[in-house]
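Shown next, in structure tokens, is the structure this report addresses.
As written, the chain order gives the labels A, B and C, with residue 1 at the start of each chain.
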Amino acid sequence: MELLNFVGVFAFAVSGGLVGVRRRFDVFGILVLALVTALGGGVIRDLLLGIDPPSNLSNVPFMLTAIVAGLIAFRFSGSLDRIRKLILIADAAGLGAFAVSATMLAIRHGHPGIEAILVGTITAIGGGMMRDVLAGLVPSVLTQDVYALPALLGCAGTDLCVRMGVLNPITLWTLVVLVLGLRVLALRFHWQVPKPRRLTRDEPNRPGPGSAP
Amino acid sequence: MELLNFVGVFAFAVSGGLVGVRRRFDVFGILVLALVTALGGGVIRDLLLGIDPPSNLSNVPFMLTAIVAGLIAFRFSGSLDRIRKLILIADAAGLGAFAVSATMLAIRHGHPGIEAILVGTITAIGGGMMRDVLAGLVPSVLTQDVYALPALLGCAGTDLCVRMGVLNPITLWTLVVLVLGLRVLALRFHWQVPKPRRLTRDEPNRPGPGSAP
Amino acid sequence: MELLNFVGVFAFAVSGGLVGVRRRFDVFGILVLALVTALGGGVIRDLLLGIDPPSNLSNVPFMLTAIVAGLIAFRFSGSLDRIRKLILIADAAGLGAFAVSATMLAIRHGHPGIEAILVGTITAIGGGMMRDVLAGLVPSVLTQDVYALPALLGCAGTDLCVRMGVLNPITLWTLVVLVLGLRVLALRFHWQVPKPRRLTRDEPNRPGPGSAP
């Protein structure tokens, strides 16, 4: 789990850094965005669970990982753009890792069931939402197909496994892979969810809509 | 009160769903926006009051109400656009219900006076602010005429009634209707509050880059 | 310290009010933005430290200061634009005051070291971030040169002084002046930090998030 958490931090930080590069932020802005993306979800999680101060604020290894990932995004953005697929996969891995681990943490704090599932989902998608809002983009979870759903399913699965007393390393990793797999399949096959009919009185083609990497 | 809270959740969720429809989000994005708008204010309220985890995260009836409202917004957006007035009234009712109930909750947690009034106001306007920020819009509370003021007055009235020992179902509902009425009157008669003089060196519709002065 | 905190609240409120004036908000929107900018950082600080409800919600002198500052920004925006330099200096003073005082508060709550430094930095830059996000701008901390760094150094210096047992009025004010000075020097000499190479497939100069619904 710890390893996957590092993968998640790294992947989310890279995605944050790349959004900063695209928005032409300077290196500080890029690092701030990398840190917020990687650690923001966990901060929200701890605020929701009443863990004061949030543990991510003293997790130096996570911070260094995020900073290194942000610098890589800054320095090698050209190449990283080419390995875009690898990043999306890592991002999906992070989504799975954060979803499962945050759900477990919420259960351990005595809040199983719907609370744990929602805390897990919010943690998994929260960092990316903060990234997009700060960068002036509409969060990809609102515009991209099938992003929050895999996380939600992973959290629900984790809660179910704990209830059934079968949460062990095997089921846990299966859940992470499930989230990762669903997200990657959604990306690969461009799974679409229904969109509203175009309104007659439509808003002009407004800039907002974000484009997460 | 419970009934009005449901009206508030429903109305705010409809407003969130409609904003999602206008921004052409997919159905998941619309539901997320509906949930955030309806439950976000209460989550902020509980974070401010130190209620961990926020009660809205385990309030399944509220969630189902918000999801149903979001689906209605998604499915019947054409018709809903026509019954726009009804929505604005429901939104005003939600504003009143959340303002009064959050103020009462803050007082019950031992924070009467200015704290209760501010927690109430932030709760009432918070969900809508999150909706607009996530949708890439400037919160309507900042741009629309007379939105926060009715909520603030309702919260102050609630605190006053508690102080005077006269908070009962009659005064409570009177306060809700007061907020609702002020908001509806402001909408009906386009109450204007002063705007700054146009600056000579006015900023063009600037792209993102923040400009702290 | 108390005096400088008032200076910080006043300066941040003026900056919030001026952003509101530029975005053509009405007087309520301008006051909300002034209050959020001046008090928002402290609210985030208290949420991170588990102080419920945040002390700023009952700090009437701070609120009145922020409201007066917001009204000044609303009324005299023309003149204020001319005394832009004074505002930037006051903003820098506020940055220093909030950075140092929040770090001290975090240490007093039993969280020295990296936690105190990060809580201090987040407090110092948080109000301005909320201001820009609500106003539909990208936070200046992400786009402006050398903004977060002086705050971070001031927080680290405060933590170091406490560790070495030499935090007294003299060192404390020295730290505030250090933050202020670094920020002013950065503004004066347009210190640049490296920006990413322009990408070949660059995003067009996108306007920020849209206007009110």
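For this structure, a couple of remarks:
Throughout what follows, a contact is a pair of C-beta atoms (placed from the backbone, for glycine too) under 8 Å apart; a residue touches a chain by one contact, two chains touch by 3 or more.
Here the structure is a predicted model, which is why all the values come from computation and not from measurement.
In terms of inter-chain touching, the protein chains here all touch one another pairwise. The greatest number of inter-chain C-beta pairs in contact is found between B-C. Shared residue numbers account for under half of those found at the interface formed by subunit A and subunit C, and the copies are therefore classed as meeting with different residues.
Inter-chain centre distance (subunit A to subunit C, centres taken as mean C-alpha positions): 28 Å. Shared contact sites, meaning residues of subunit A that touch two or more other chains, fall at 23, 47, 50, 133, 135-138, 206, 208. Those residues of subunit C that touch subunit A in the complex are listed here as 47-50, 106, 111, 113-115, 118-119, 129, 133, 136-139, 141-143, 145-149, 192-203, 206-210.
The residues of subunit B lying in touch with subunit A in their complex are 20-30, 32-33, 43, 47, 50, 52-54, 57-58, 60, 63, 74, 77-78, 81, 133-137, 208.
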